[in-house]
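Down below is the structure, laid out as structure tokens.
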Amino acid sequence: MSRKAKPIRSELGWSTADKIVVLGKDLPGEILGKVNLGDMAFLELTRKLPSKNESVLFNAMVVTLVEHGITPSALVARLTYLGAPEALQAAVAAGLCGLGSVFVGSTEHVAKLLTESISSGKDAKKVVTENKRIPGLGHPIHKPIDPRTVRLFEIARETGFYGKYCKLMEEIGKEKNLVVNATGAIGALACELGLDWRAVRGLGVMARAVGLVGHILEESKQPMAEEVWHRIEEEASAHLKPKK
Amino acid sequence: MSRKAKPIRSELGWSTADKIVVLGKDLPGEILGKVNLGDMAFLELTRKLPSKNESVLFNAMVVTLVEHGITPSALVARLTYLGAPEALQAAVAAGLCGLGSVFVGSTEHVAKLLTESISSGKDAKKVVTENKRIPGLGHPIHKPIDPRTVRLFEIARETGFYGKYCKLMEEIGKEKNLVVNATGAIGALACELGLDWRAVRGLGVMARAVGLVGHILEESKQPMAEEVWHRIEEEASAHLKPKK
Amino acid sequence: MSRKAKPIRSELGWSTADKIVVLGKDLPGEILGKVNLGDMAFLELTRKLPSKNESVLFNAMVVTLVEHGITPSALVARLTYLGAPEALQAAVAAGLCGLGSVFVGSTEHVAKLLTESISSGKDAKKVVTENKRIPGLGHPIHKPIDPRTVRLFEIARETGFYGKYCKLMEEIGKEKNLVVNATGAIGALACELGLDWRAVRGLGVMARAVGLVGHILEESKQPMAEEVWHRIEEEASAHLKPKK
Amino acid sequence: MSRKAKPIRSELGWSTADKIVVLGKDLPGEILGKVNLGDMAFLELTRKLPSKNESVLFNAMVVTLVEHGITPSALVARLTYLGAPEALQAAVAAGLCGLGSVFVGSTEHVAKLLTESISSGKDAKKVVTENKRIPGLGHPIHKPIDPRTVRLFEIARETGFYGKYCKLMEEIGKEKNLVVNATGAIGALACELGLDWRAVRGLGVMARAVGLVGHILEESKQPMAEEVWHRIEEEASAHLKPKK
């Protein structure tokens, strides 16, 4: 066999009989009781614990993405739970599968666009000219402003993280005469925090996993999935069925 | 059509042009900047924000479940990302699909067993007699103690939540002469916090979603999936291939 | 390191530069152009190609499970595609996640129950006495008979596979005064064909994967997911929103 | 509410107490016992049953994609099954999640490229000039020819479906001096059969669902997932652990 084996390595964690180390930190001694779930996510993405200000901003960003009410992804989790209540994990998984280019994925596109635009010195006008569609702008309901963006940029100012990426995003919004929506704000803030744009879609994915567990718990007590199914099935096939 | 339509209702969130309300709270005004991701999860599961002590304990519980190094679920996320790097959400989803009866699901079984045992007044001896297999006990590596359990029960004592469920779990462990592992401790603590046992598997699912994003980010920079695939493929089929 | 490495082996396939062998057969030479998709599935599950009669019966069984109109699983695939149209595979995957204990999983339970009952010599009366809930019986729409069962058992007779498992299933149905539904029939027929009951849920999973691709294709041309989402979202949160 | 409800319609199936109609055909009377699984898939994708020749070719195409031995997607299904053996459907789902741009997705890209090239009258030279990366070409193992492509194009000739799309694909391969691999051949053949390119990724998804059930069945009897996990975990973290 001519293929040469490559090394297999991960830096994320290891354990022995009496020790558990995660991202270089002793889990029981340095993390448990001291670090909240958002900070732990920050540690996963940056390999360091956040400062006080980073913690406040990062937690606000992910918390924004947890619960958006009855979204397609929440409906998916509920309809999946209807068929496989013994596999809650698969219902959450199914719900996550749709967080693609149309919904949560836009945060990643914002972060990528802003990262590239700033690093090549482009201003809002140039970005707008070069990109027919710009992610993170406009909202079907929240107009003329998205109240989450207002609050997130306020927190960014309070914590000292309102910088060039946020400014560029807001200027792009003005140029296009469109509201910077929450995914636009979060994409810009991810850049301010120095997050890798490849991890930015992950913010929405982890946050939504939290929210989907809430939906499944509600579904287990106050179900809607079966009713949704029957209503849609009846309407969708009514034109095919023989008239009585 | 004789089927009577049933109402469809969710209490989790709603929004209008200038207002976003999640679980009864104004998202920009009452949540963002004040609530960390773990507290938001607590809010999803209990419909109230945690007290300071509840926050410390609950965050410790979920943080424990975020990162366990190279688990089957981490391998699944990485191998999925290898084939579909454009769909990070699907790689996390695939990784979650295996959090079933063998791994993370045991937390739920612990919570259910303790809830039922306490409510019917059973002691450790009776629980052990009646149940051939008891979840949350034993660990292949962490013996004779699981350092996470020690720390979690310490935090429970510090925050005033070490109570009858924790005690019963520890007595069951002694009765069986097996260590109470982290899922055993977390199952007991979920009961102490009054969480519905049906939501307890969700703790591991949401926590692992956070960790899997970390694995995918590492895979994007320091990959192992392709090497894993080639090595296993070669070994698995070596006995079938013609000898040269 | 004290752990002893165990061998890793699979018998399913191998290839070299000019040869591709699947389940012991030369793929280009012995399979392509000769074997249909159902026969290939039979080969995967039994490691032999079906006889003419086995082929007819097995294909009828899986074909029965392909398309059931607007099911929860079809809705899940469509709602997932709405958010991630670039990841068709994830939409099918999400749709499969709900094929659990409530819907498709029952086929497996039937096969297991019949296998165990026949091997321990139990008759219908005894099976009914011992099992409070019997899978594969009853149908909300197809009463007093399920036309698929009638046809499947007819094909079983024509192909020489109507035997003791089918008979027992029909006797159990009579004993309970309930129709043997399609999953009941398919569970029994899987036993007649000698399939491992652990693979029986897989029949529905593979068949539904075929059907879900059809749903996604229809969704791409004649969408319903967005309308479903908006309608349900509006109704679910109407009681929370301020009256105008 | 100003939103106007849109109609919700599907043409795929309907049923009443004694009738089940799928894609316009009576399921028990016109399909069961007459139609194989591949033909049923053809019906889902084109809304008509295949002719004898279409059936032979289409079944050969999907059968080609069923079993590729230990692929990343097979490993994913096996590792998922290790954690959740009670949820076979979720293991198949997880395995499908990785059928994205790198592996199975290329069939879709081939079909799209050929469709657009033929409809705008481009020849191989022009296609090669305009596209830096062309899908469906090259193979790490099967060189200088892919034996599946040879056989599939042979079947296409036998059934009268070797036409302009196949020819263009082969000319592109010659132009680039690369083998037309199986996904290239199947993409071209999908065009010859008149399939919508948006459904072409679905061919691989449905076929692989069949193969993954086979992998899970093998895993249940001759497991490798646990060994894979332990080996990789040990190697990946060895550099972090304290030397003994």
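Brief remarks on what is shown
Chains here go by letter, A, B, C and D, matching the order in which they are written, and residues are numbered from 1 within each.
What we mean here is this: contacts are C-beta pairs under 8 Å (C-beta built on N, C-alpha and C of every residue); 3 or more make two chains touch, one makes a residue touch a chain.
Quick caveat: nothing in here was measured; it's all calculated off a predicted structure.
Identification of common neighbours of chain A and chain C yields B, D.
Using mean Cα coordinates as chain centres, the one most removed from chain A is C. In the contact between chain C and chain D, the residue numbers used by both copies make up over half of all numbers at that interface. For this pair, chain C with chain D, the centres built from the Cα atoms lie 19 Å apart. Chain centres here are Cα means. That of chain A falls 30 Å from that of chain D. For the pair chain B and chain D, the distance between mean C-alpha positions equals 34 Å.
Listed for chain D are residues 7-11, 13-14, 16, 69-70, 84, 86-87, 89-90, 93-94, 97-100, 104-105, 224, 228, 232, 236-237, each touching two or more other chains.
Viewed as a network of touching protein chains, the structure reduces to a complete graph with every chain in contact with every other. Against chain B, the residues of chain C that register as touching in their complex are 7-11, 13-14, 16, 21, 84, 86-87, 89-90, 93-94, 97, 232, 235-237, 239-242.
Here chain D touches chain B in the complex through residues 69-73, 75-76, 79-87, 90-91, 93-95, 97-105, 224-225, 228-229, 232-233, 236-237, going by the rule given at the top. Within the complex, the chain D residues that touch chain C are 1, 3, 5-20, 22-23, 27-29, 31-33, 35-41, 44-45, 55-56, 59-60, 62-64, 66-70, 74, 87-90, 92-94, 96-100, 104-105, 108, 141-143, 145, 147-148, 150-152, 154-155, 158, 196, 198-199, 201-203, 205-207, 209-211, 213-218, 220, 222, 224, 227-228, 230-231, 234.
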